[in-house]
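Structure first, commentary second.
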Amino acid sequence: MAGSGNNHLRTGFDDVLLSIENLVVEFPSGRKNKVHAVSDVSFDIRKGETLGIVGESGCGKSTTAKAIVQLPKPSSGKVEYEGTDLTKLDKEGMRQKRPSIQMIYQDPISSLNPRRTVFNIVNEGTRVWSTEHSQQQEIKVEEMIQAVGLDPNEARIRRPHEYSGGQCQRISVARALVLDPQVIICDEPVSSLDVSVQARILNMLQDMKDEYGLTLLFISHDLSVVKNVSDRVAVMYLGKICEIGDGDVIYDNPAHPYTRLLLAAIPDPDNKHGQISDLLEGELPSPLNPPSGCRFRTRCPRATEKCEAEEPTFEQVGNSDHWVACHFPHIDDELNTKTTEESELIEGITEDEILWPPAD
Amino acid sequence: MPKPIRRLIGLLGLLTIVSMVTFGAMNFLGDPLFNILGPVAADVDNPESLKVIEEAKAQYHLDKSLPERWARWAWDFVRGDFGVQFSSSGQPPVSDLIKERLPRTLELMAVAQIIAVSIAIPWSVLAASRANRRTDKISTITAFAFVSIPSFAMAVILFYFFSVQWDLLPDTYTATDPFWGISHDHRLIQLILPGFTLGLGSAAAYQRLLRTDLITTLQQDFILMAKSKGVSKRRVLYSHALRPSLFSMITLLAINIGFMIGGSLVVEQFFRIPGIGSAVVEATLREDFPVVLAIVMIVSAGFMVFNYIADYLYTLIDPRVRHEDTSKPRKITSMGM
Amino acid sequence: MLHETSEADNILELSDYRVGFRTERGLAKAVDGVSLSLQRGSTLAIVGESGSGKTVLNRGIMGLLGANIIEGGSAKFQGEELANTSRQKFWGTKMAMIFQDPMTSLNPVMKVGKQVSEPLRLHQGMSKKEARDRTVELFTLVGIPEPMKRFSEYPHQLSGGMRQRVMISIALAIEPDILIADEPTTSLDVTVQKYILDLLVDVQSKSNMSMIIITHDLGVARGRSDEIMVMYGGRIMEKAPSESVFVEMKHPYTEALLSSIPRLSDPKHTRLTPIEGFPPDIVDGPQGCKFAARCKYAQDICLTSTPEETIIDTHTYFCHFPVGTDAGAEAFKSNKDRGFTAAGLRIKSKREVV
Amino acid sequence: MNEEQEINADEVKNDSQASEEETSISDSTQLEVSEFADKKTLGFGFWLATFWLVLISFLAVFSPILPFKDADKNYIAYEQKENPLTGKVQERPVQPPYAPSGEHWLGTDQDARDILSRTIEGARISLAVGALTALFGMVVGGTLGMIAGYFKGTLDKIIGAIFLVVLSFPGLILAILIVALLDRSLLTISVTLGILGVSPIGRLARAQTLSFSEREFVMAAETLGAKKSRILIKELLPNVLIPMSTLAMLVIAVAIVSEGTLAFLGLSVQNSATWGKLILTGSGLSTLESSPWVAFVPMGFLFLTVASFNYLSDRIRDYFDVRDIFVTRD
Amino acid sequence: MHRSKLFKLLIAFLALTMFATACGGSDDESSSSSDSSSASEATASSSESSASEAAEEAEEAPAEEEAEEEAEAPIVQDQEESVLEPVFGGTLRWGLEAEVDGINPTASALSAPGLTMMNAAFDTLAAYDVDGNTVPHLAESFSASADCKTWSMKLRDGITFHDGTPLNTEAVSVNFLAQYGDPLVGLAVRPYYSADEPITIVDDLNMNFNLTDANCGWPSALTGQLGAIGSPTWIAAAQDDPTLDQQPVGTGPFIFESRVQDQVTRFVRNANYWGGDVYLDAVEFYPVTDGDIRTSLLLEGELDAQATTNVESIASLAENDSITQVLDDTGDESFLMLNSAQPPFNDIRARQAITHATPRDNYNTLINLDVTRKADQMFTPESPYYNPDIVQLSDRPDLAGPLVDAYCSDNPNNCTSGKINIEYQYSGPSVVGERIADLLSEGWADFFNVTVQVLPQDSHIQEAALGIYNSIGWRQFGAVDPGIDRVWLLCRAIGGISLNWPRYCDEDRDALILQADAAKTVAEKVPLYQELSKMINEEYLYVFYHHTLWSLALRDGVENVCGAKTLEGVSLRCQVNGRSFFQSTFITN
């Protein structure tokens, strides 16, 4: 699956805000070895779009996110933001660009400085960039804290540990938004939260995105979550993207064997792939010494010699926004999917158009 | 290069730097010539004295640069020649002094550490198995008190009670008989107080570490797992929980042993044990640099070697260390001298 | 009907079971009056968010909670009142447990083979050799490749999935009458999770032991349990045969839980319905229904009176205004009309928000 | 190589810390107990220890204007007594030390000086040594350690090597060497002990910086565009400062003990009463036998003070959940 | 000069000088924890003859009796012979304040403990009688030539060493030449004997000693280490094998049996002792460096006897009925010694200033509990040489100010903020040492910036010998025959290593000393020594504190320690700076 090639990049659109090409991240391990964390990954995000990256632990999704903000700089490849290749910028150049690309992290505790008040944490961005202390900025910070549903006055005296995990994620969002960023990279923002809280954060992210016209890169190991929030979804395996495209399309017709197995494993009560009885056999190969050819071949039920010798490149599946890097994709498979109507039935309960406002 | 060898080289490098620093500091702070010749060294106007000075300089290579002198010393040192003492009668080799004193210190250290460990382990297990109950609280306070008593104070206290007040142990500590001397019983008795002085403090320090680690370990799922497997309480404590909890204690043990070669010096002074600690105090005061240098090297090397041994012990205790390329985290910050 | 089955068939019988912890603020009622019975050979899934008391409940049953607790009510295992017995006598023979994180629940400094064979040797009097052979057999059974080699490896040398298999083989070695699996797959990737769950179910059905699976994920419970029990705030909210929880849920909490989770089948950007508010304080918790403060059906009675147990066939729930009943629909309508619930929670239509 | 070893060790530690935290979050699902476990308080002992330290510091600072007896005056009592040399009864001094009495609450020493006053006098020096030592260690060690931990790379290796050298140097021997060859002034002793404090404090600062710098809030600050200096001061320093100051308290305790140790070797601050010297004065066999208070009074003060610093350090570490374990040796 | 040689010389000198005054070991210390190694201590005390103790003297404290006021003679020693009938048998356990390196009078540096053991195994050619006169002991008689430059000695006939070798002039000459030729010991011998022919053997029992200067009191030189005669065969063997230094062979009342260094040295009765019956079966010597401990061992009955200068011990022993003490403060003096070869004390104003500033009264009260007698000079009032006119102006800080100001205006480099910078050195670590240092520093504080230096005892002595000091606590002088004290004073004692510790040379003073040596009668000597005392007083090289009080403490049942006599029946002086004889001692019950 190792998806090489850049066929899936949408070079034709002029509203591509962030374009990652052939990104490679490697870490030294020991004296000689290298961890191939991210190998030749390309994707692009259009303005206002949400790209979800999904994959299991160790697939390199978080590393990709960090490489985009150049922390650390990737080993090679291009990270083009508004036409500027961030990898080529010097320190100060990069610093000037930083406010435009913000991150939200997985761990609500670790991502907030425990020794500063919440207000200070949110205010940090403006303090960094303003030469003088202005009343106006403080007001903006207060507004932002309010916007994410917290009390600005409490925020002035409280520290992160006095807030719950969900609230901490809200603080993270406020901190990211205060600099008016274009892009927000969300690295597993809800994976450490309880499901009920998770829904609130996801809703809030959606609201913020709508309100501030953000572009999101959303990273998660939970396909349901990714699918819910994303316009496009990229599936990663062992440092490579194996399938990318419209979330609904991929869910309906996963073309890559890995995506298919991944979907099948999801314990969703309504998972239409749940019947697939194939199991992902074997262990995840070491990123120190990834398999040749297609990286998934060692565990792929469809693998042949070709997969070993030759790395597949991205090919479009049909005419939709759906790209897969596989020599033997599941293109022709007909799945007995439940109709949309059927799922709507289950959904019926919530059709009252009722929604609990983000009140906390 | 294999890892042990790399480590060894690092260790030697460290020793080299330590010796350079010591060598430099001593020559910078004190004047070796003055220690060798006495006031004649300052009598530079007198041609006769001058001649003596020149001779001595030549003999001790003091006319050479500091680095060259260090190199000469180092070359002798690696060949096992520690040089001669500066200021005793004649020029007895430093190695004689070391041979005489080191065994006494090692002996004391061994006694102290055996006492410490054999107190600390059952004590910790007892406390940890009753964490936060009365037994544990009392033992925690006790351990805390013992840790806060400096060894010189501990020496005075033990001496006061056991020798002066209760007259259970001898109040004389000539303790100067040769290492494998005749009256062995007497010697053992004389080692009791010094041994406990050093051992109790260490025991308390070990107990604090081991208790904490044991409590942490005992809260781990694998302990619950072992219990739910029907393993007896005692077996859970000693065969499941103890081993993975030993790291901090071993680290400290290594630090202690390594340092105690030099660190027992107050106790040696108080109980008049002619060990290496009292030797270094005397040598420092009389600016007997070769002796100081030799002892510093021995103590530093001891410290490093014991750390090395500790790392090896880790691999015995924890297979993770063996298989992964990194050693167990040292979460101990040791402070002291 | 569960209650009509003879007691002899019930391997576990809880009645108004309570577990409290002493804290500085007072007694924390982690498990607050749970009654259930588990039949031999059946599987119960306990679902709940953090703080719902599901783990404490099970550790209470196992007797693994330590000294600082107060137990109340009755818990009978194979007819024997647990409160009067040292549970240690069941450990390693009749009860077994699997923990969430296979890394931390295996002794890092002991070879996995030894950990598996330990109960064999201790309780089944096997010789070293016999225990070893049996262990290798178990390893094969749970699908551990190269079982001989794995026998003398340490936990850190195995992957997460393999470790969980080792855990399962320990549980199997004990041949327990009841196996409690506490979040057995939470720390695993979904693909591995599926495998492990299937394996557990497989093993359970073969050996005819009873099993309790604890999870926060309703999806995990579905299809792998005979019955699902939803817990909240230390109490049972709803208990029903597996499918009916999804199809005909009665408790608003179950409903809210399900609707707050994004589903694969929903199209992208489907608005989620979160549960408002915070979980109840278990030391100084609310009167009445624990969920009332967050419930869109909540009426005044919910705030003052704890709902009685309602049993309809195999479906048990604790709610004054159950979902899908007229009472429920009416309660919701009245709340919607006045714009807020009895607990003061505002209700807005979607249009207002978007 | 050795430094690398150390670095690795630290990295592992960070990992373990990070993972500990991760699990501590998911733990909440696992064992709810932690949520309502006892709320952290500093406890009675903490305030007791603080009270003692405030009291002793107050006494030390204001002893010149407090109505204590003159610490240097010899309050000799006389009696008619036979002179063993002449066999004649004459007015001779009663042999001090004098036992505690209404006049001398805690007795006198061999020179008939009031022990309470002298012990308080000794607190001035002992506390000053402790404070100066900790200050030196914090400023030098903290700065070096934070720089090493944050900038990593070569700088880290060099600073790490320096720490390691100082650490593997037998500390007390170094102290004796410097004090014996230079002088026995307060400043020399403090700086010498301070040098010994640099390594532990520095290594702690480095490890903490390293671990915090891998926390996401530092990355967040970086993505906000904060400069390194700002991150170091605004984000890292407040976090490193607490573990560092808890260690510094231990350094104070160790410095006080070390001063005592030096005093026992005859190398303490000269011309001043220090606790070590006072204890030494009373620890001879005959003095212990006949007048144990001479040694035990200053020893009690020393113990309470050292224990208080140890305890405070312990409590604060607990309170702020500092995971490093400090160990004192002497 | 070669270092090693230098140090040997140093040791030699020190050793030598010992013969002059028997020196007390340091008894030290105090208490404290600290005194480090007994080894060094041994060297130390040995080396410095009485001197070294000065270092510590501080710690000990002789009894002072305010002699000036009361003019009452102290009970020096009740040298009564025991009225009891001697009993044969028993072992005497004697506590020593230090261990020694060896017990060879021709090679070892014997300190007070060494000299004590020496008295068991050896006899000295001459000895002091109760009145302080030199009388023949192992020798039968001495006679001087008219100019006192040649001395003839006649040995007793029929005496044999423990190994059977006969005592004759050959044996004495072997001893003398071994000392003369020894790199160490010889340095103290050679300057005083004719270089060409120091001795002449007349016959088996008669020999002559040829001196460089007239010395009519010469035999007193043979009362100490230099007069102890060992078996020539043993001495010869010990020169090849130094380990034999540990196994002395002499003519003494006891025969060496065994020795475990630092534990016990045991001598057994010499049944064929030339001097008569020896009552004890054996004498055992136990080195116990801590004075408190030694005293407590004595009280507990673990020891039978000891010598001490510690005033606290003496005072507490005095109150114990089961202990008899033999006290004597006519021996050495305790004082502060100033180095005249180095600034600031090369200037007499600085020396005067520190003398005036020294709180001697406080010192005697606090350290000596007013038991010892204050000293202004090296003689006690009972001595015929005592000069009643001499007053040492200490405790007069009012006199010090102008001198310091004057000094500092001339030597600004040696002063800081109007005070003279000095170093005070003592041997330690030691509690009493520390107390003394505090006490002195406080007294001097208005005029001097004092740096205190603590050194292990052997370094302490070395630095004194090498002149690397400003001021130092010391103990010496007070020899029974004042002529012996010339070795500390003569210009010829100054060198790289100097026994003239203050390194002060005055030709006039030398002339005076030599003149006193040549004098034949006390009456002749009195004005000379009084003049010498006056000179010393005016040179301000020593700030005398007190007359060191030596105590020989004996348990009940130890009898007749002071009953030793020469063959002629002359009672010997019982205690000389802590050492005594053993031949007459017996133990009852």
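Chains: A, B, C, D and E, in written order; residue numbering restarts at 1 for each.
The criterion applied here is as follows: contacts are C-beta pairs under 8 Å (C-beta built on N, C-alpha and C of every residue); 3 or more make two chains touch, one makes a residue touch a chain.
Values in this document were obtained by computation on a predicted structure and should not be read as measured data.
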Chain at maximum distance from chain C, centres defined as averaged CA atoms: E
Which of A-D and A-C has more C-beta contact pairs: A-C
Distance between chain centroids, defined by C-alpha means - chain A, chain C (Å): 31
Length of the line joining the C-alpha centres of chain D and chain E, rounded to whole Å: 47
Chain centre separation (chain C, chain E; CA means) in Å: 92
Chain D residues counted as touching two or more neighbouring chains: 26, 264-265, 280, 283, 285, 289
Where chain B touches two or more other chains, by residue: 152, 171, 266, 269-270, 281, 285, 287, 325
Residue list for chain A, restricted to those that touch at least two other chains: none
Residues on chain D engaged by chain A in the complex (per definition of touch): 18, 21-22, 25-26, 215-217, 219-227, 230, 234-235, 238-239, 242
Chain B to chain E touching residues, read off their complex: 34, 36-40, 52, 55-56, 59, 87-91, 152, 155, 171-172, 174, 176-178, 181-183, 266, 269-270, 272, 274, 278-279, 281-282, 285-287
Chain B to chain C touching residues, read off their complex: 133, 220-222, 224-231, 240, 243-244, 317-320, 323-324
Residue numbers on chain E that touch chain B, as the complex places them: 1-4, 6-8, 11, 33-40, 43, 99, 260-263, 287-290, 293, 296-297, 341-342, 429, 454-456, 458-459, 462-463, 466-468, 496-497
Residue numbers on chain E that touch chain D, as the complex places them: 29-34, 62-66, 70, 72, 74-75, 290, 292-293, 295-296, 312-318, 325, 327, 329, 362, 365-366, 369-373, 428-431, 433-435, 437-439, 441-442, 445, 450-452, 454, 549
